[in-house]
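Multiple structures are listed underneath, in C-alpha coordinates.
In what follows, subunit A forms one complex with subunit B and a second complex with subunit C.
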Partner chain A sequence: MSDTTMITNILTVMLLLVGVFFMLAGTIGFVRFPDFYSRMHATGKCDTLGEGLMLVALIIYGGATFISVKILFLMAFILLANPTSTHAIAKAAYDVGLEPWRSFDSEEVAWLNTGDGDTDNTGNTDEGRAGEDSGEVQ
Partner chain B sequence: MTGASLFGIEMVDIFLAMAILIVMASFVSLYRGIEGPGIFNRIIAVNVIGTKTIVLLVLIGFIYERPDFFDIALVYAILNFIMTIAATRY
Partner chain C sequence: MNIKHLIATYIIVLAFWLMLSAHFDTFHVGAGIVCSGVVAYATHDLLFKDTEKHRLTKTLRFIAYLPWLIYQIVLANIDVAKRALSPGMPIDPQVVTFKTILKSDVARTALANSITLTPGTVTIDIVDDVFYVHAIAKEPADDLLEGAMERRIAHVFMED
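Take a look at the complex of A and B:
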(Lines of atoms letter the chains of each structure in order from A and count residues from 1; the text may use other names and numbers.)
(Lines give C-alpha, C1' and ligand atoms only; values in the text may rest on other atoms or scores of the structure.)
Protein backbone atom coordinates (compact mmCIF):
# COMPACT_ATOMS: atom_id res chain seq x y z
CA MET A 1 0.00 0.00 0.00
CA SER A 2 1.41 3.37 -0.95
CA ASP A 3 1.47 6.35 1.35
CA THR A 4 -1.02 8.34 -0.70
CA THR A 5 -3.59 5.59 -0.51
CA MET A 6 -3.16 5.29 3.23
CA ILE A 7 -3.54 9.04 3.77
CA THR A 8 -6.66 9.00 1.59
CA ASN A 9 -8.15 6.13 3.56
CA ILE A 10 -7.38 7.72 6.94
CA LEU A 11 -8.91 11.01 5.83
CA THR A 12 -11.98 9.20 4.51
CA VAL A 13 -12.53 7.29 7.74
CA MET A 14 -12.05 10.40 9.90
CA LEU A 15 -14.53 12.46 7.89
CA LEU A 16 -17.02 9.57 7.88
CA LEU A 17 -16.77 9.24 11.67
CA VAL A 18 -17.29 12.97 12.22
CA GLY A 19 -20.26 12.97 9.84
CA VAL A 20 -21.86 9.98 11.54
CA PHE A 21 -21.33 11.68 14.91
CA PHE A 22 -23.15 14.80 13.70
CA MET A 23 -26.01 12.75 12.27
CA LEU A 24 -26.42 10.75 15.50
CA ALA A 25 -26.29 13.95 17.58
CA GLY A 26 -28.96 15.51 15.38
CA THR A 27 -31.12 12.41 15.76
CA ILE A 28 -30.78 12.44 19.55
CA GLY A 29 -31.73 16.11 19.56
CA PHE A 30 -34.66 15.37 17.29
CA VAL A 31 -36.03 12.80 19.71
CA ARG A 32 -35.20 14.47 23.01
CA PHE A 33 -35.97 18.17 22.49
CA PRO A 34 -39.29 19.39 23.88
CA ASP A 35 -40.58 21.60 21.07
CA PHE A 36 -41.15 21.57 17.35
CA TYR A 37 -38.89 24.56 16.75
CA SER A 38 -36.03 23.25 18.87
CA ARG A 39 -36.30 19.86 17.13
CA MET A 40 -35.99 21.66 13.83
CA HIS A 41 -33.01 23.55 15.25
CA ALA A 42 -31.36 20.20 15.99
CA THR A 43 -32.07 18.50 12.68
CA GLY A 44 -31.74 21.37 10.24
CA LYS A 45 -28.08 22.02 10.96
CA CYS A 46 -26.72 18.68 12.15
CA ASP A 47 -28.10 16.68 9.24
CA THR A 48 -26.86 19.13 6.64
CA LEU A 49 -23.37 19.23 8.12
CA GLY A 50 -23.17 15.48 8.68
CA GLU A 51 -24.33 14.71 5.18
CA GLY A 52 -21.89 17.23 3.68
CA LEU A 53 -18.97 15.72 5.64
CA MET A 54 -19.85 12.17 4.64
CA LEU A 55 -20.18 13.07 0.97
CA VAL A 56 -16.84 14.91 1.10
CA ALA A 57 -15.31 11.75 2.56
CA LEU A 58 -16.74 9.65 -0.26
CA ILE A 59 -15.49 12.18 -2.85
CA ILE A 60 -11.98 11.87 -1.38
CA TYR A 61 -12.28 8.09 -1.44
CA GLY A 62 -13.57 7.95 -5.00
CA GLY A 63 -10.84 10.15 -6.45
CA ALA A 64 -11.11 12.45 -9.45
CA THR A 65 -13.64 10.52 -11.50
CA PHE A 66 -17.06 11.16 -13.00
CA ILE A 67 -18.67 9.65 -9.91
CA SER A 68 -17.09 12.30 -7.71
CA VAL A 69 -18.53 15.05 -9.90
CA LYS A 70 -21.96 13.47 -9.48
CA ILE A 71 -21.58 13.33 -5.70
CA LEU A 72 -20.37 16.95 -5.75
CA PHE A 73 -23.56 17.99 -7.56
CA LEU A 74 -25.56 16.00 -5.01
CA MET A 75 -23.81 17.73 -2.10
CA ALA A 76 -24.25 21.19 -3.62
CA PHE A 77 -27.96 20.53 -4.15
CA ILE A 78 -28.39 19.30 -0.60
CA LEU A 79 -26.56 22.30 0.86
CA LEU A 80 -29.02 24.50 -1.03
CA ALA A 81 -32.20 22.50 -0.55
CA ASN A 82 -32.02 21.36 3.06
CA PRO A 83 -31.97 24.85 4.69
CA THR A 84 -34.65 25.95 2.22
CA SER A 85 -36.98 23.12 3.21
CA THR A 86 -36.26 23.72 6.90
CA HIS A 87 -37.14 27.38 6.47
CA ALA A 88 -40.33 26.46 4.60
CA ILE A 89 -41.46 24.08 7.34
CA ALA A 90 -40.72 26.62 10.09
CA LYS A 91 -42.56 29.39 8.24
CA ALA A 92 -45.57 27.15 7.62
CA ALA A 93 -45.68 26.18 11.30
CA TYR A 94 -45.42 29.82 12.37
CA ASP A 95 -48.17 30.86 9.96
CA VAL A 96 -50.45 28.12 11.26
CA GLY A 97 -49.90 29.50 14.75
CA LEU A 98 -47.76 27.02 16.60
CA GLU A 99 -46.49 28.64 19.78
CA PRO A 100 -42.82 28.35 20.74
CA TRP A 101 -42.09 26.46 23.92
CA ARG A 102 -41.11 28.43 27.02
CA SER A 103 -39.22 27.08 29.97
CA PHE A 104 -41.10 29.08 32.61
CA ASP A 105 -44.74 29.42 33.54
CA SER A 106 -47.07 31.12 31.13
CA GLU A 107 -48.80 33.33 33.71
CA GLU A 108 -45.52 34.96 34.66
CA VAL A 109 -44.90 36.10 31.10
CA ALA A 110 -48.49 36.79 30.12
CA TRP A 111 -47.77 40.50 30.31
CA LEU A 112 -44.95 40.03 27.81
CA ASN A 113 -47.41 38.88 25.16
CA THR A 114 -49.89 41.70 25.72
CA GLY A 115 -47.32 44.29 24.70
CA ASP A 116 -48.88 47.32 26.43
CA GLY A 117 -45.84 47.76 28.66
CA ASP A 118 -47.24 49.15 31.91
CA THR A 119 -44.94 50.64 34.47
CA ASP A 120 -45.88 48.13 37.17
CA ASN A 121 -44.57 45.31 35.01
CA THR A 122 -41.06 46.60 35.37
CA GLY A 123 -41.38 46.49 39.15
CA ASN A 124 -40.51 42.80 39.34
CA THR A 125 -37.18 43.04 37.60
CA ASP A 126 -35.38 42.16 40.81
CA GLU A 127 -36.53 38.56 40.52
CA GLY A 128 -33.73 37.88 38.14
CA ARG A 129 -35.78 35.94 35.63
CA ALA A 130 -37.81 38.93 34.58
CA GLY A 131 -34.65 40.98 34.39
CA GLU A 132 -33.45 39.21 31.31
CA ASP A 133 -36.79 39.68 29.63
CA SER A 134 -37.02 43.37 30.46
CA GLY A 135 -35.64 44.27 27.08
CA GLU A 136 -38.82 43.09 25.41
CA VAL A 137 -41.06 45.30 27.49
CA GLN A 138 -40.12 48.65 26.11
CA MET B 1 -11.28 3.17 -6.73
CA THR B 2 -8.29 3.48 -4.43
CA GLY B 3 -6.99 1.03 -1.86
CA ALA B 4 -9.11 -1.53 -0.19
CA SER B 5 -7.89 -1.81 3.40
CA LEU B 6 -6.72 0.32 6.31
CA PHE B 7 -4.83 -1.26 9.25
CA GLY B 8 -6.21 -4.66 8.32
CA ILE B 9 -9.81 -3.47 8.15
CA GLU B 10 -11.50 -3.50 4.76
CA MET B 11 -12.86 -0.13 3.65
CA VAL B 12 -16.06 -1.86 2.57
CA ASP B 13 -16.60 -3.02 6.14
CA ILE B 14 -16.15 0.54 7.41
CA PHE B 15 -18.73 1.75 4.89
CA LEU B 16 -21.04 -1.05 6.00
CA ALA B 17 -20.68 0.00 9.65
CA MET B 18 -21.51 3.61 8.73
CA ALA B 19 -24.55 2.39 6.78
CA ILE B 20 -25.76 0.37 9.78
CA LEU B 21 -25.35 3.43 12.06
CA ILE B 22 -27.36 5.54 9.64
CA VAL B 23 -30.12 2.93 9.49
CA MET B 24 -30.26 2.89 13.30
CA ALA B 25 -30.52 6.69 13.35
CA SER B 26 -33.32 6.48 10.79
CA PHE B 27 -35.26 4.10 13.01
CA VAL B 28 -34.81 6.41 16.00
CA SER B 29 -36.15 9.26 13.85
CA LEU B 30 -39.06 7.06 12.79
CA TYR B 31 -40.13 6.93 16.46
CA ARG B 32 -40.63 10.69 16.40
CA GLY B 33 -42.42 10.41 13.07
CA ILE B 34 -44.94 7.96 14.50
CA GLU B 35 -45.24 9.36 18.02
CA GLY B 36 -44.67 13.08 17.49
CA PRO B 37 -47.60 15.39 18.16
CA GLY B 38 -48.88 17.27 15.17
CA ILE B 39 -48.31 17.11 11.45
CA PHE B 40 -45.16 19.24 11.44
CA ASN B 41 -43.12 16.78 13.49
CA ARG B 42 -44.04 14.12 10.96
CA ILE B 43 -43.00 16.36 8.08
CA ILE B 44 -39.61 16.94 9.71
CA ALA B 45 -39.28 13.21 10.38
CA VAL B 46 -39.87 12.41 6.72
CA ASN B 47 -37.37 15.09 5.72
CA VAL B 48 -34.72 13.77 8.12
CA ILE B 49 -35.21 10.15 7.07
CA GLY B 50 -34.97 11.20 3.42
CA THR B 51 -31.72 13.04 4.12
CA LYS B 52 -30.27 9.96 5.79
CA THR B 53 -31.47 7.79 2.92
CA ILE B 54 -29.47 9.84 0.39
CA VAL B 55 -26.21 9.19 2.25
CA LEU B 56 -27.23 5.55 2.62
CA LEU B 57 -27.75 5.22 -1.14
CA VAL B 58 -24.32 6.73 -1.87
CA LEU B 59 -22.74 4.35 0.67
CA ILE B 60 -24.51 1.37 -0.95
CA GLY B 61 -23.18 2.52 -4.32
CA PHE B 62 -19.64 2.43 -2.89
CA ILE B 63 -20.10 -0.88 -1.08
CA TYR B 64 -21.39 -2.83 -4.09
CA GLU B 65 -19.38 -0.70 -6.59
CA ARG B 66 -22.43 0.06 -8.68
CA PRO B 67 -22.51 3.69 -9.92
CA ASP B 68 -26.24 3.51 -10.68
CA PHE B 69 -27.05 4.29 -7.07
CA PHE B 70 -25.65 7.83 -7.33
CA ASP B 71 -28.29 8.71 -9.93
CA ILE B 72 -30.93 7.23 -7.65
CA ALA B 73 -29.59 9.33 -4.75
CA LEU B 74 -29.70 12.51 -6.86
CA VAL B 75 -33.30 11.87 -7.94
CA TYR B 76 -34.21 11.03 -4.35
CA ALA B 77 -32.76 14.33 -3.12
CA ILE B 78 -34.79 16.30 -5.66
CA LEU B 79 -37.97 14.36 -4.82
CA ASN B 80 -37.40 14.88 -1.09
CA PHE B 81 -37.06 18.64 -1.56
CA ILE B 82 -40.12 18.89 -3.80
CA MET B 83 -42.15 16.76 -1.40
CA THR B 84 -41.25 18.95 1.56
CA ILE B 85 -42.09 22.17 -0.28
CA ALA B 86 -45.40 20.73 -1.48
CA ALA B 87 -46.29 19.48 2.00
CA THR B 88 -45.71 22.91 3.55
CA ARG B 89 -47.85 24.71 0.95
CA TYR B 90 -50.99 22.61 0.86
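Take a look at the complex of A and C:
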Protein backbone atom coordinates (compact mmCIF):
# COMPACT_ATOMS: atom_id res chain seq x y z
CA MET A 1 0.00 0.00 0.00
CA SER A 2 1.46 3.33 -1.03
CA ASP A 3 1.67 6.32 1.31
CA THR A 4 -1.06 8.28 -0.49
CA THR A 5 -3.56 5.43 -0.27
CA MET A 6 -2.81 5.01 3.40
CA ILE A 7 -3.30 8.71 4.16
CA THR A 8 -6.56 8.64 2.17
CA ASN A 9 -7.74 5.60 4.08
CA ILE A 10 -6.83 7.06 7.46
CA LEU A 11 -8.60 10.35 6.65
CA THR A 12 -11.67 8.47 5.42
CA VAL A 13 -11.89 6.32 8.52
CA MET A 14 -11.40 9.29 10.86
CA LEU A 15 -14.08 11.36 9.16
CA LEU A 16 -16.47 8.41 9.17
CA LEU A 17 -15.85 7.84 12.86
CA VAL A 18 -16.43 11.50 13.78
CA GLY A 19 -19.57 11.48 11.63
CA VAL A 20 -20.82 8.33 13.36
CA PHE A 21 -20.06 9.91 16.73
CA PHE A 22 -22.25 12.92 15.99
CA MET A 23 -25.05 10.75 14.59
CA LEU A 24 -24.86 8.63 17.75
CA ALA A 25 -24.87 11.71 19.99
CA GLY A 26 -27.90 13.01 18.10
CA THR A 27 -29.71 9.71 18.53
CA ILE A 28 -28.88 9.53 22.24
CA GLY A 29 -30.09 13.10 22.58
CA PHE A 30 -33.27 12.13 20.75
CA VAL A 31 -33.93 9.41 23.31
CA ARG A 32 -32.88 11.36 26.39
CA PHE A 33 -34.31 14.83 25.82
CA PRO A 34 -37.60 15.41 27.59
CA ASP A 35 -39.95 16.77 24.94
CA PHE A 36 -40.66 17.21 21.27
CA TYR A 37 -38.92 20.55 20.79
CA SER A 38 -35.65 19.67 22.49
CA ARG A 39 -35.58 16.46 20.46
CA MET A 40 -35.73 18.59 17.33
CA HIS A 41 -32.45 20.14 18.49
CA ALA A 42 -30.79 16.73 18.63
CA THR A 43 -32.01 15.45 15.26
CA GLY A 44 -31.99 18.69 13.28
CA LYS A 45 -28.40 19.60 14.04
CA CYS A 46 -26.48 16.36 14.50
CA ASP A 47 -27.80 14.78 11.31
CA THR A 48 -26.60 17.70 9.24
CA LEU A 49 -23.00 17.50 10.40
CA GLY A 50 -22.90 13.72 10.81
CA GLU A 51 -24.12 13.09 7.27
CA GLY A 52 -21.92 15.90 5.97
CA LEU A 53 -18.76 14.40 7.48
CA MET A 54 -19.61 10.94 6.15
CA LEU A 55 -20.17 12.31 2.67
CA VAL A 56 -16.85 14.20 2.82
CA ALA A 57 -15.22 10.90 3.78
CA LEU A 58 -16.79 9.24 0.73
CA ILE A 59 -15.55 12.05 -1.52
CA ILE A 60 -12.00 11.68 -0.19
CA TYR A 61 -12.15 7.92 -0.63
CA GLY A 62 -13.60 8.03 -4.13
CA GLY A 63 -11.41 10.82 -5.51
CA ALA A 64 -12.46 13.51 -7.96
CA THR A 65 -15.13 11.93 -10.17
CA PHE A 66 -18.64 12.77 -11.30
CA ILE A 67 -19.84 10.82 -8.29
CA SER A 68 -18.09 13.22 -5.90
CA VAL A 69 -19.75 16.19 -7.59
CA LYS A 70 -23.10 14.47 -7.04
CA ILE A 71 -22.19 13.92 -3.40
CA LEU A 72 -21.35 17.63 -3.07
CA PHE A 73 -24.83 18.45 -4.38
CA LEU A 74 -26.27 16.00 -1.87
CA MET A 75 -24.51 17.85 0.95
CA ALA A 76 -25.88 21.17 -0.29
CA PHE A 77 -29.43 19.77 -0.40
CA ILE A 78 -29.13 18.27 3.08
CA LEU A 79 -27.83 21.59 4.39
CA LEU A 80 -30.91 23.28 2.95
CA ALA A 81 -33.55 20.62 3.58
CA ASN A 82 -32.65 19.61 7.14
CA PRO A 83 -33.27 22.93 8.92
CA THR A 84 -36.31 23.57 6.72
CA SER A 85 -37.98 20.30 7.63
CA THR A 86 -37.02 20.76 11.29
CA HIS A 87 -38.68 24.14 11.18
CA ALA A 88 -41.77 22.77 9.45
CA ILE A 89 -42.27 20.01 12.04
CA ALA A 90 -41.64 22.36 14.96
CA LYS A 91 -44.10 24.88 13.55
CA ALA A 92 -46.74 22.19 13.12
CA ALA A 93 -46.31 21.17 16.76
CA TYR A 94 -46.46 24.77 17.93
CA ASP A 95 -49.57 25.47 15.87
CA VAL A 96 -51.53 22.64 17.45
CA GLY A 97 -50.56 24.02 20.85
CA LEU A 98 -47.95 21.57 22.14
CA GLU A 99 -46.39 23.15 25.22
CA PRO A 100 -42.60 23.25 25.46
CA TRP A 101 -41.23 21.39 28.45
CA ARG A 102 -39.76 23.63 31.18
CA SER A 103 -37.14 22.48 33.63
CA PHE A 104 -38.06 22.42 37.30
CA ASP A 105 -35.41 25.05 38.13
CA SER A 106 -36.89 27.68 35.87
CA GLU A 107 -40.31 27.41 37.53
CA GLU A 108 -39.12 26.91 41.08
CA VAL A 109 -39.63 30.53 42.09
CA ALA A 110 -43.16 30.67 40.74
CA TRP A 111 -43.97 27.43 42.49
CA LEU A 112 -42.58 28.62 45.84
CA ASN A 113 -44.64 31.77 45.58
CA THR A 114 -47.89 29.80 45.64
CA GLY A 115 -46.93 29.34 49.26
CA ASP A 116 -49.79 27.41 50.90
CA GLY A 117 -48.14 23.99 51.06
CA ASP A 118 -49.75 22.81 47.86
CA THR A 119 -47.05 20.23 47.16
CA ASP A 120 -48.99 18.43 44.45
CA ASN A 121 -48.53 21.35 42.09
CA THR A 122 -44.87 20.97 41.19
CA GLY A 123 -45.29 23.10 38.11
CA ASN A 124 -44.28 20.26 35.83
CA THR A 125 -47.59 18.53 35.26
CA ASP A 126 -49.63 19.35 32.22
CA GLU A 127 -52.66 20.43 34.26
CA GLY A 128 -50.66 22.77 36.42
CA ARG A 129 -49.05 24.55 33.51
CA ALA A 130 -51.73 24.83 30.89
CA GLY A 131 -53.04 28.13 32.22
CA GLU A 132 -49.89 30.01 33.15
CA ASP A 133 -48.01 29.49 29.89
CA SER A 134 -50.88 29.80 27.45
CA GLY A 135 -49.98 33.41 26.74
CA GLU A 136 -46.96 32.27 24.72
CA VAL A 137 -49.01 30.23 22.27
CA GLN A 138 -50.70 31.94 19.41
CA MET B 1 -40.49 36.80 -21.69
CA ASN B 2 -36.94 37.71 -20.85
CA ILE B 3 -34.63 35.99 -23.34
CA LYS B 4 -31.52 36.51 -21.15
CA HIS B 5 -33.12 34.69 -18.25
CA LEU B 6 -34.26 31.89 -20.55
CA ILE B 7 -30.74 31.34 -21.88
CA ALA B 8 -29.16 31.51 -18.40
CA THR B 9 -31.67 28.98 -17.04
CA TYR B 10 -31.08 26.75 -20.06
CA ILE B 11 -27.30 26.72 -19.50
CA ILE B 12 -27.68 25.93 -15.79
CA VAL B 13 -30.21 23.14 -16.37
CA LEU B 14 -28.12 21.62 -19.17
CA ALA B 15 -24.93 21.70 -17.07
CA PHE B 16 -26.84 20.00 -14.24
CA TRP B 17 -28.08 17.33 -16.65
CA LEU B 18 -24.58 16.61 -17.99
CA MET B 19 -23.18 16.41 -14.47
CA LEU B 20 -25.85 13.99 -13.28
CA SER B 21 -25.82 11.78 -16.36
CA ALA B 22 -22.01 11.63 -16.85
CA HIS B 23 -22.58 9.91 -20.21
CA PHE B 24 -21.38 11.85 -23.24
CA ASP B 25 -22.71 9.74 -26.13
CA THR B 26 -25.11 11.15 -28.69
CA PHE B 27 -28.28 9.76 -27.12
CA HIS B 28 -27.72 11.10 -23.59
CA VAL B 29 -26.45 14.52 -24.64
CA GLY B 30 -29.23 14.86 -27.23
CA ALA B 31 -31.92 13.94 -24.72
CA GLY B 32 -30.37 16.45 -22.32
CA ILE B 33 -30.47 19.24 -24.90
CA VAL B 34 -34.15 18.61 -25.64
CA CYS B 35 -35.28 18.12 -22.02
CA SER B 36 -33.31 21.12 -20.78
CA GLY B 37 -35.03 23.23 -23.41
CA VAL B 38 -38.49 22.19 -22.22
CA VAL B 39 -37.63 22.64 -18.52
CA ALA B 40 -35.91 25.99 -19.11
CA TYR B 41 -38.91 27.27 -21.07
CA ALA B 42 -41.30 26.23 -18.30
CA THR B 43 -39.26 27.57 -15.36
CA HIS B 44 -37.18 30.49 -16.64
CA ASP B 45 -39.18 33.00 -14.60
CA LEU B 46 -38.70 31.06 -11.34
CA LEU B 47 -34.93 31.16 -10.97
CA PHE B 48 -34.32 34.79 -11.90
CA LYS B 49 -36.58 37.60 -10.81
CA ASP B 50 -36.68 40.83 -12.79
CA THR B 51 -37.03 42.94 -9.68
CA GLU B 52 -33.94 41.70 -7.88
CA LYS B 53 -30.93 44.04 -7.69
CA HIS B 54 -27.23 43.38 -7.02
CA ARG B 55 -27.58 39.66 -7.61
CA LEU B 56 -23.84 39.04 -8.03
CA THR B 57 -22.84 40.92 -4.87
CA LYS B 58 -25.42 39.01 -2.83
CA THR B 59 -24.25 35.67 -4.21
CA LEU B 60 -20.61 36.43 -3.45
CA ARG B 61 -21.44 37.66 0.04
CA PHE B 62 -23.50 34.54 0.66
CA ILE B 63 -20.56 32.33 -0.38
CA ALA B 64 -18.36 34.32 2.01
CA TYR B 65 -20.97 33.73 4.72
CA LEU B 66 -20.89 29.92 4.32
CA PRO B 67 -17.57 29.19 6.14
CA TRP B 68 -18.84 31.01 9.23
CA LEU B 69 -22.11 29.03 9.00
CA ILE B 70 -20.25 25.72 8.77
CA TYR B 71 -18.14 26.72 11.80
CA GLN B 72 -21.39 27.44 13.68
CA ILE B 73 -22.80 24.04 12.65
CA VAL B 74 -19.75 22.33 14.13
CA LEU B 75 -20.17 24.34 17.36
CA ALA B 76 -23.88 23.43 17.40
CA ASN B 77 -23.13 19.73 17.13
CA ILE B 78 -20.54 19.78 19.88
CA ASP B 79 -23.04 21.69 22.00
CA VAL B 80 -25.86 19.18 21.44
CA ALA B 81 -23.53 16.21 21.86
CA LYS B 82 -22.32 17.64 25.18
CA ARG B 83 -25.85 18.21 26.45
CA ALA B 84 -27.06 14.80 25.25
CA LEU B 85 -24.17 12.81 26.68
CA SER B 86 -23.56 14.55 30.02
CA PRO B 87 -25.31 12.73 32.87
CA GLY B 88 -26.92 15.86 34.33
CA MET B 89 -28.37 16.89 30.95
CA PRO B 90 -28.02 20.68 31.39
CA ILE B 91 -31.04 21.89 29.46
CA ASP B 92 -33.58 24.58 30.31
CA PRO B 93 -35.76 25.00 27.21
CA GLN B 94 -37.57 28.25 26.59
CA VAL B 95 -39.33 30.03 23.76
CA VAL B 96 -38.02 33.49 22.97
CA THR B 97 -39.31 36.03 20.48
CA PHE B 98 -37.61 38.88 18.70
CA LYS B 99 -38.52 41.39 16.03
CA THR B 100 -36.48 41.19 12.84
CA ILE B 101 -35.07 44.02 10.77
CA LEU B 102 -34.99 41.87 7.61
CA LYS B 103 -37.50 42.63 4.86
CA SER B 104 -37.18 40.12 2.01
CA ASP B 105 -38.44 36.53 2.14
CA VAL B 106 -35.06 35.13 1.08
CA ALA B 107 -33.24 36.94 3.88
CA ARG B 108 -35.78 35.77 6.45
CA THR B 109 -35.55 32.18 5.22
CA ALA B 110 -31.76 32.35 5.44
CA LEU B 111 -31.97 33.71 8.98
CA ALA B 112 -34.52 31.08 10.05
CA ASN B 113 -32.41 28.22 8.68
CA SER B 114 -29.22 29.70 10.15
CA ILE B 115 -30.89 29.92 13.56
CA THR B 116 -31.88 26.27 13.33
CA LEU B 117 -28.35 25.23 12.36
CA THR B 118 -26.52 27.26 15.01
CA PRO B 119 -26.02 26.15 18.62
CA GLY B 120 -29.02 25.62 20.87
CA THR B 121 -31.78 27.29 18.87
CA VAL B 122 -34.57 26.13 16.52
CA THR B 123 -36.87 28.50 14.64
CA ILE B 124 -40.52 27.64 15.24
CA ASP B 125 -42.45 30.32 13.39
CA ILE B 126 -42.35 33.75 11.83
CA VAL B 127 -45.47 35.85 12.39
CA ASP B 128 -45.25 39.21 10.60
CA ASP B 129 -41.91 40.59 11.81
CA VAL B 130 -41.58 38.40 14.88
CA PHE B 131 -39.44 35.26 15.06
CA TYR B 132 -40.47 32.55 17.55
CA VAL B 133 -37.38 30.58 18.53
CA HIS B 134 -37.09 27.56 20.81
CA ALA B 135 -33.83 27.71 22.76
CA ILE B 136 -32.54 24.70 24.64
CA ALA B 137 -30.99 26.78 27.45
CA LYS B 138 -30.62 30.36 28.54
CA GLU B 139 -27.15 31.08 27.07
CA PRO B 140 -28.04 30.27 23.42
CA ALA B 141 -31.17 32.42 23.77
CA ASP B 142 -29.10 35.34 25.06
CA ASP B 143 -26.55 34.90 22.26
CA LEU B 144 -29.34 34.96 19.69
CA LEU B 145 -31.04 38.03 21.13
CA GLU B 146 -27.71 39.85 20.97
CA GLY B 147 -28.31 39.80 17.20
CA ALA B 148 -24.88 39.15 15.65
CA MET B 149 -26.26 36.64 13.15
CA GLU B 150 -29.09 38.90 12.04
CA ARG B 151 -26.54 41.65 11.25
CA ARG B 152 -24.48 39.19 9.20
CA ILE B 153 -27.56 38.14 7.20
CA ALA B 154 -28.56 41.78 6.77
CA HIS B 155 -25.09 42.45 5.36
CA VAL B 156 -25.29 39.48 2.97
CA PHE B 157 -28.65 40.56 1.54
CA MET B 158 -27.73 44.27 1.59
CA GLU B 159 -30.48 45.29 3.98
CA ASP B 160 -28.29 47.03 6.54
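To be clear about the criterion, the second predicted complex is superposed on the first by the 104 of 138 C-alpha atoms of A that agree within 3 Å, B and C clash if a C-alpha of one lies under 4 Å from a C-alpha of the other, contacts with A are read in each partner's own complex, and residues count from 1 in each chain.
Heads up, the rule we're going with is that a residue touches a chain if its C-beta (ideal position, glycine included) is under 8 Å from a C-beta of that chain, and two chains touch if they have at least 3 such contacts.
Quantities reported herein were computed from a predicted structural model and do not represent experimental measurements.
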So, A:38: does it touch subunit B (first), subunit C (second), both, or neither? second
So, A:51: does it touch subunit B (first), subunit C (second), both, or neither? first
Partner chain(s) touched by A:63 [first = subunit B, second = subunit C, both, neither]: first
If we overlay the two complexes on their shared chain A, which of subunit B and subunit C does A:74 touch? Say first, second, both or neither. first
Return first, second, both or neither, reflecting whether A:29 touches subunit B, subunit C, both chains, or no partner chain. second
May I ask you to decide whether A:13 touches subunit B, subunit C, both, or neither, giving the answer as first, second, both or neither? first
Check the residue A:84 against both partner chains and state whether it touches subunit B (first), subunit C (second), both, or neither. both
What is the contact status of A:5 with respect to subunit B (first) and subunit C (second): first, second, both, or neither? first
If you lay the two complexes on top of each other, which residues of subunit A touch subunit B in one and subunit C in the other? 26, 28, 40, 48, 50, 70, 73, 82, 84, 86, 91
Residue ranges of subunit C in contact with subunit A within the complex: 19-20, 22, 73-74, 76-77, 80-81, 83-85, 89, 91-95, 112-114, 116-117, 120, 122-125, 127, 132, 134, 136
Contact set on subunit A toward subunit B in their complex: 1-2, 5-6, 8-10, 12-13, 16, 19-20, 23-24, 26-28, 30-31, 36, 39-40, 43, 47-48, 50-51, 54-55, 58, 61-63, 67, 70-71, 73-74, 77-78, 81-82, 84-86, 88-89, 91-93, 96, 98
As the complex stands, subunit B meets subunit A at residues 1-3, 5-6, 11, 14-15, 18, 21-22, 25, 28-29, 31-32, 38, 40-41, 43-45, 47-48, 51-52, 54-55, 58-59, 62, 67, 70-71, 73-74, 77-78, 80-81, 84-85, 88-89
Per the touch rule, the subunit A residues reaching subunit C in their complex are 21-22, 25-26, 28-29, 32-35, 37-38, 40-42, 44-46, 48-50, 52, 66, 69-70, 73, 79-80, 82-84, 86-87, 90-91, 94-95, 100-103, 105-106, 136, 138
